[in-house]
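Okay, got some structures for you below.
Note that chain A is present in both complexes that follow, paired respectively with chain B and with chain C.
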Partner chain A sequence: MIRGVITRGVITSRRVSLALAAGFLALLYLGALGAGFLAPYGFDEQDREHTYAPPVRLRFRDGGGRLHLRPFLYIGVEKPGAPGVYEEDRARAFPVRFLVPAPPGRTGARVRLFGVEEPARIFLLGTDRFGRDQLSRLLYGARISLFSGLLAAGLAVALGLLAGAVAGFRGGWLDQVLMRTSELFLALPWLYLLLAVRAVLPLDLAPSGSFLLLVAVLGAVGWARPARLVRGAVLSARGRDYVLAAQGFGGSDGYVLRRHVLPQAVGVALTQLALLVPQYVLAEVAMSFLGLGVAEPVPSWGTMLAELERYDVLISYQWMLWPAVLLTGVVLSYHTLAEHIRERLQAGEV
Partner chain B sequence: MRYVASRLGYGLLLLLGVSILSFLLADLSPGDATAEMRLNPRISPGAVAALRVRYGLDRPLPVRYVRWLRSVASGELGWSVAFDAPVGPLLWRRAGNTLVLAVTAMILAWIVAVPAGVWAAARQGSWGDRLGLAASAVLLAVSELVLALLGLALAASTGLLPAGGMASLDYDALGGWGRARDLAAHLALPAVVLALSAFPVVHRHVRAAVAEALESPFVQAARGNGIPRRRLLWRHALPAAAKPLVSLLGLSIAGLLSGSVLVEVILSWPGLGPLLLQAILARDLHVVVGAILLSSVFLVLGNLVADLLLYWVDPRVRGT
Partner chain C sequence: MSGILRRNLLLAAGLLALAGCGSPATQPAGGAAKADDGPRRGGRVVAALGSEPRTFNPVTAADGASLSVIQAMTANLVHIDRQDQEAKPALAERWTVDDGGRRYTLVLRPALRFSDGHPATADDVVFSFQVYLDEKIDSPQRDLLIVGGQPIQVRRIDDRTVEFRLAEPYGVAERLFDGFAILPRHLLEAAYKAGTLADAWGTDTPPAKMAGLGPFRLRERRAGERLVLERNPFYWKKDKPYLDELVFLTVPNADAQAVRFQAGELDVVDRLSAESFDRLSRGGARRGYQLTDAGPGLDLNFLFFNQNDLGNRRLPELRRRQGWFRQTAFRQAVSAAIDRGSLVHVVYRGRATPLNSHETPGSHWLNKTLPPPRYAPDEARRLLRQAGFSWDAAGALHDPAGERVGFTLLVVAGNTERGPMATLIQEDLRKIGMDVRIAALELQAVLDRLFTSYDYDACVLGLDGGDADPNPSMSILLSDGSHHFWGLTHGGPPAPWEAEIDRLMKTQIAERDPAQRRRLYDRVQEIVMEQRPLIALVTPNVLVGAKAGLGNLRPAVLDDHLLWNVEELYWRQR
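Entry: the complex of A and B
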C-alpha cells in the first residue's frame, strides 16, 4: 500500500519533470523562431549611451503612490564620473506599449510584442558592452545555438543510421572498414577532434556560412557512436525469422532494410538524438566561445559568454550570465527527455 | 602477458590510424602557413616558393607523411611555422601542464564520487540518495564552460585564490616549499572545476554498478552469513562492481581532456588547450596534428593503465 503510494508519487513527479522539460524547450524554440516579433530590438542595435546598463525596473506605482495597470519605466542615466552606475531620471514616465510597429530592417517582422517610446529604452535583461539589448540577443542567439545543435545531431544520427545499416547489413570488408574508422573517431577527445576539423577549414566566413560549416563539422564528427549502436540493432534484426522470410520471398536488399530492419533501430537512433542534441548545443557554444563559430555581431550564446572571459565584466554585470543559465536549463531538459525515452523503450521491450 | 601485449599492439595501431587521419585532415586544408605571405605584396613569389621548399610543403602527401613520421620518431613532431621551432619541445611542456591538471582533477573526482556512489547504492531511494542523484543531474547539465566562469567569478570576487595562470610573478624567487604552495594555489581552482564536471558520471556509474552487485546471489549469501554491512559493501560488492568502473576510468580521460580545453582557456592554465587554439588561429598545422596525436597518446596510455588495473583487480580477466 505504502509502496504503491510512493511509486505513484515518483511517477507523477517524473511526469511533472517531463512536462517541465518539454515545456521549457518548446518555449525556447518558439522564442528563437519568433525572435523578430518577441525581441524589442535588433540583435546588432547599439546604444552607446547605455553600455552595461542593468535590467530596467518595471514599475506599477508612480511617485504620487497611484497604482497603474500598465507598467512603466524611467530612463536610466549613467552617473557622470561613475561608469556603469545608472540612476533613474524620474522626470518623465514611459509606459510600456504592446504590439508596436517595428522599424523597417532585416528582422522581417512588422510588429513587435512590446516596446517603449524613444528616447526611453526597455532593457529587460540589461545590455552588453555596446549597449545591445541582452534579451534580444538571447532570443536571436538561441536561433544559432539551439538549431545548430538540433541540425547537427540530426545529421550525425542520419550518417550513423546510414553507416550502421550498411555495415550491419552488408558485413564483410565494408563492415570492417567502417567499424575500425568509427573506433578511430571514438578514440579521440571530441573537442580536440572538433578543433582539428575546424582547423583545416577557412576561418573568416559569413555568419550563415560558418553556421552551416559548424553544423556539418559537428555532424561529421559525431556519426561514430550512433553508427555502432545502429549496427548492433541491424545485426540482431538481420537474423530474425521475419527478415529471412522477406528475403526468401524475393524482397530486394533496399526493401528489406527499409521495411523490416531499420524500424528496429529507430529507438536507438531516437535515444542517441536526445543525447546528442544537448552535447552539440554545448559544442556550438564552446566553439563560438573560443572564436571558431559564428562571428560578431551575430549573437550565439557562446559569443555572448565570451565577453565574460574578462572577469571584471563577470563580477560587475551579473545579468550577462543569462546565456549560461538558459544553456544549463536546455541541457537538463534534454537529459530528462532522453531518460524518459530510454525508460519507455525498456518498458516496451519487456 | 599476452593480454598486455595485445592491448599495447592495439593502442599502437590506433595511434597510427589517428596520425594518418589527422595528417590527411591537415592536408585537406585550403591554405597553409604561407597562404598569407602569398597575399602580401612585399614578399616575392620566389621567397614564398623557397619557404615552401624549406618546409617541404611542395612534396607529395605520402612523402610528407613519411618525413613527418620520421620527425615524430625523433621527438620533433614536425616544424611549427608560427614559432619557427620544432613542435615537440613546445608540446611537452604544455602537455605536462595539462596532465597535472587532468590527473589532479581525476583523483579529486574519484575520491569523492566512489564513496558517494557506494553510499547511495546502499541506501537507494532514501532522501540522501535522491538528493545526490538530483545534484549529479544538475552538475551533469552544467557545462565546464559555465563552471569555469563561475569559478573565475568566485576567485576574482573573493580574492582567496589566484584567478588564473599557473604561477605567481615571484615564482622564481620562492623556495621549494613556497613553489609547491604556489602551484597548489593556482591548481586548486581549475582542478576543482574539472573534477566537478567529471563527478556526476562517476557517481552514477558507481551507484549503478554497486547496486547491481548488491543484488547478486553471492552478496545475498554473504549478508545471510552475517557479514557486517560496511565490509559487505567495500570488500564484496565494490570489487565485483569494479569491471565497468575501471573501463570508465580509461574512457573518462577523453572527457577530461575535452573539458580541460575550456577550463584551461578560461582560467589561463598554460596547457595544450590554449596552444591548440592559438595554432588553429595561426594555421600552424603541425602543432595541431601534434596536439591531437598527443591527446590520443594520453588516451591510449589511460586505457592501457585501466586494462592493467582490471587485470590486477578482476581474476575473471586473468582467466581468459
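Entry: the complex of A and C
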C-alpha cells in the first residue's frame, strides 16, 4: 500500500513536471509569436542615454504615501561622471498604459500591450549596451532561437528518418554508403566548416536569409545520429514475423515500410526530436556567439548572451543573464518531454 | 582585435614599438605611495603577455608578445624617449650627421658587453645590419632600411665607430635606429652562414645560447605559463636595472588580465578596457594599486569604403554601389551622420576622443587647425540632396537612378570595440535613410576580402599608431601603399587629390626641417579630412594600472605603455 502511494506520488510529480515543462515551452513559443504585441519596444530601438540601465521599478505608492491602482514609474537618469549608475528623477510620475499604439518601425506592430509616455521608458528587464529594451529583445530573440532549434531539429530528424529507413530496410551497398556517410558527418569538425561556409557566403544576407541558412546548416549537419538510431529500429522491425508475413502476402516495399516498419521507428524519432531541439537551440546560441548567426540589430539569445563574454558585464549587470536563465528552462523542459516520451515508448504507448 | 592588422600596420608603418608622446596624467586611484627615498635594487615585476611569444629572434619577430619580451632583452643604437619623443643616445653615445643628411656616424659606448659577458663592438653592429638587410631572411623591418630605393650601407670605421650611408636624406633621421636590436655576432654568425638564422632563437632555445644588450636576460621558460627574465649583470646603464627579475605570464584575455591584476597576481596591466578601468577604480585605495588614464593614444578606429578597381571580377552589385562610394559627397555625408560622441560614450564609457583626422590627439603631428568632428545629420542630408539622392515617403534613401541606398559593413566577429561601433553606425545611418547590414566575419575571412577578393562594401578597422611621426601613415596614405585599404588596385591614374597626397608624403619623408615637414603633413591631413577616403572615428585613451609602490613608472602613450623604461622601475620601501 505504501508502495502504491509512493508510485502514485511519483506519477503525479512526473505529471506535474511534464505539465510545467509543456506550459513553460508553450508560453515561450506564444510569447515569441506575439512579440510584436507583447514587447514594449522594437528590438532595434536604441536609447543611448540609457546604456545598461537596470530594470525599472514599478511603483504603486507615490512620495506622499498615496496608493495608486495603476502602476507608475520614474525616469532613470544617469549620474554625471558615473557611467552605468542611474538615479530616479521623482519630479514626475509616468503611469503605465495598456494597449498603446505602436510607432511605425521595423517590427510592423500596430498596438502594444503596455507602454509609458515619452520621455519615460519602461525597461522591465533593463537595457543592453545600446540602451535597447532587454524584454523586447528577449521576445524577438526567442523567435530566432526557439524556432530555428525546432525547425532544424525537425529537418534533421526528417532527414534521419528517411536515410535510416532506407538504409535499414534496403540494406546492402545503400546501407553501407549511407552509414559510412553518417560516420563522416559525425566525425567532421563542424565548427570550422561552418566558419568556412560563412566566409564564402555573400555578405549581404538578410536576417531571414541567415535564419534559413542557420536552420538548413544545423539540420543538414545533424541527420546522422537519428539516421543511425532509426536504422537500428528498422533493422530490428524488418526481421519480425509480421513484417515477413506482410511481405509474404505480397505487400510492396513502400506499403510494408509505411504500415509495419516505420511505426516502430517513430518513437525513436520523437525522442530524438525532443533531445535535438534543445541541442539546436544551444547550437544557435553558440553560432551567434561566434558571429555566425543572425546579424545585428536582429536579436537572438545567442547574440544577447555574447555580451556576457565580457567579465564586467557578467558581474555588473545581472539582468543581462536573462537569456541564460530562459535557455536553461528550455533545455530542462525539452529533456523532461524527451524523458516522458521515452517512458511512454518503453511502456509501449507510442 | 587584429593582432595581425595591427602588426601589419606597425611593420609597414615602420618603427616598431617606438616613441610615445604627450605628458600622461598619472592619477593614483589609491594606495598612497610613501615618501620616496630614491631607487633601490631588488624585487621583481610580473606582467602579462596576451599570447605566447613565437620567437626570441629580434630579426624575424612580428607578434606583440615576442616583441615585448625581446625589448627587455635587447638594446638599440639610439633610443627614443617616449615622454619627450627626443632621440636619446643608447648604445651609441653620440653621432654626427653630414653630407646633407646622407651620412650618419655613430660612436658606441666604451666597454659594452652582451648579457653573456662577451664584448660588443662595431663588428656586431655591422653584422646586425647585414642580417636585417638580407633579402633571404626577409626581416619585417627590412623595408625601413631601404631609403630612396637603395639599401642603407653600413661600414665599420673602428672598434667603436660605424658609418651609415643613405641614398637620400631621410626625414625621420636617427629615429630610424630605434627599431633595430644589436645582435651578438659570436652567437649568431654560424647560423647566419649556414642560412638558418631566420629559425635561430626559437622559444625552446636554452637561455645560455642567447645574449643581448638589454636590461634583462632569459632565465627560464615554462611553455604556456611563464617566462622568467633575470637582471643582466653586464647592462651598460650604471646600476640598472633595479629589478632582479621580470616575469611574463601568458594571460590571453584582456578581461582575465584585469582580474588577475585585481587579485594581485600581476604587478602591471596594460590596455585595460574602460569597463575594467572603472571597476578597478572603485576598489583602488583598498587594494593598493594605481590606475592611469594616460589620455588619447595613437590607435585609430576608422571606416572606409571599397574603392578598389575590381578588374574582371564578377561583382555587378558592388560595382554599382561603388558609384556611390567614389563620390566625395557620399563619404562626407556618411562621416557627418556618424555620432562619434555616442561611440565614445557607449563603446568607451567616455574614455576616448572623437577624431576628424587619421592622426590622433596623442600625436603631436595632429593638425590642430582642423575643426573637431561634428555630428550633423542635417548636413549629411544636404550633401546627399545636392548629389542627387532623394528620400521616399518611408524615409528610405535612393540614388539618382532610383536605387535604394544600402551597403554591408564588415567587422571582425567578436570584437568588443569595432562590433558595437558598427551597431551604432548602422543606427546612425538608418536615420539618414541608409540600409546598413553588418557582416561579422572571423579575422582571416575579413583579411581575405580586404586584400584578395575585394568583395565587400565598407569596413570598420582599428590600427595601432606606430611612431608619433607621419612615417607610419605612409603605407596607408600613398596610393600604391601596401595598406591603402580603400584602393589597393587602381583602374587609372590616381585622382588629383590622391596624387597630391602622394607628392606631399614623398616630399616630407626626405625633408629634414621639422617645421616644413609639419606644413606638408598638415596639408595631407586637410585633404584626407576633405575627401574622407578613410573616415576617422575615435581613439581610445591609454588605460593602464600598476601596483602602488612601483617607482619611476611613467606610462607612455605608445606600446609598450608601461615597460618601456623597465630598467628604471624599482619598488619603493614597503
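Going forward, the second predicted complex is superposed on the first by the 324 of 350 C-alpha atoms of A that agree within 3 Å, B and C clash if a C-alpha of one lies under 4 Å from a C-alpha of the other, contacts with A are read in each partner's own complex, and residues count from 1 in each chain.
What we mean here is this: a contact is a pair of C-beta atoms (placed from the backbone, for glycine too) under 8 Å apart; a residue touches a chain by one contact, two chains touch by 3 or more.
Keep in mind it's a predicted model, so treat the numbers as computed, not measured.
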item: Chain B versus chain C as contact partner of A:46, first or second or both or neither; value: second
item: Which of chain B and chain C A:224 touches, first, second, both or neither; value: neither
item: Residues of chain A touched, compared between chain B and chain C (which is higher); value: B
item: Touching partner for A:129 - first (chain B), second (chain C), both, neither; value: second
item: Partner chain(s) touched by A:188 [first = chain B, second = chain C, both, neither]; value: first
item: Partner chain in contact with A:311 - chain B first, chain C second, else both or neither; value: both
item: First (chain B), second (chain C), both or neither touched by A:282; value: first
item: Touching partner for A:331 - first (chain B), second (chain C), both, neither; value: first
item: First (chain B), second (chain C), both or neither touched by A:296; value: second
item: Chain B/chain C common contact set on chain A; value: 195, 198-199, 203, 290-292, 309, 311-312, 315
item: Of chain A, residues touching chain B in the complex; value: 180, 183-184, 187-193, 195-203, 278, 282, 285-286, 289-292, 305, 308-309, 311-312, 314-315, 321, 324, 327-329, 331-332, 335
item: Residue ranges of chain A in contact with chain C within the complex; value: 44, 46, 48, 51, 83-84, 129-130, 195, 198-199, 203-206, 290-292, 295-297, 306, 309-313, 315-316
item: Chain B - residues contacting chain A, complex; value: 14, 17-18, 21-22, 25-26, 28-31, 137-138, 140-143, 145-146, 149, 152-153, 156-157, 163, 254-255, 257-259, 261-262, 265-266, 276-277, 279-281, 283, 285, 288-289, 291-292, 295-296, 299-300
item: Residues of chain C defined as touching chain A within the complex; value: 255-256, 258-259, 273, 275-276, 278-279, 339, 342, 345-346, 349-350, 406-408, 410, 413-414, 416, 419-420, 422-424, 426-427, 437-442, 444-445, 448-449, 455-457
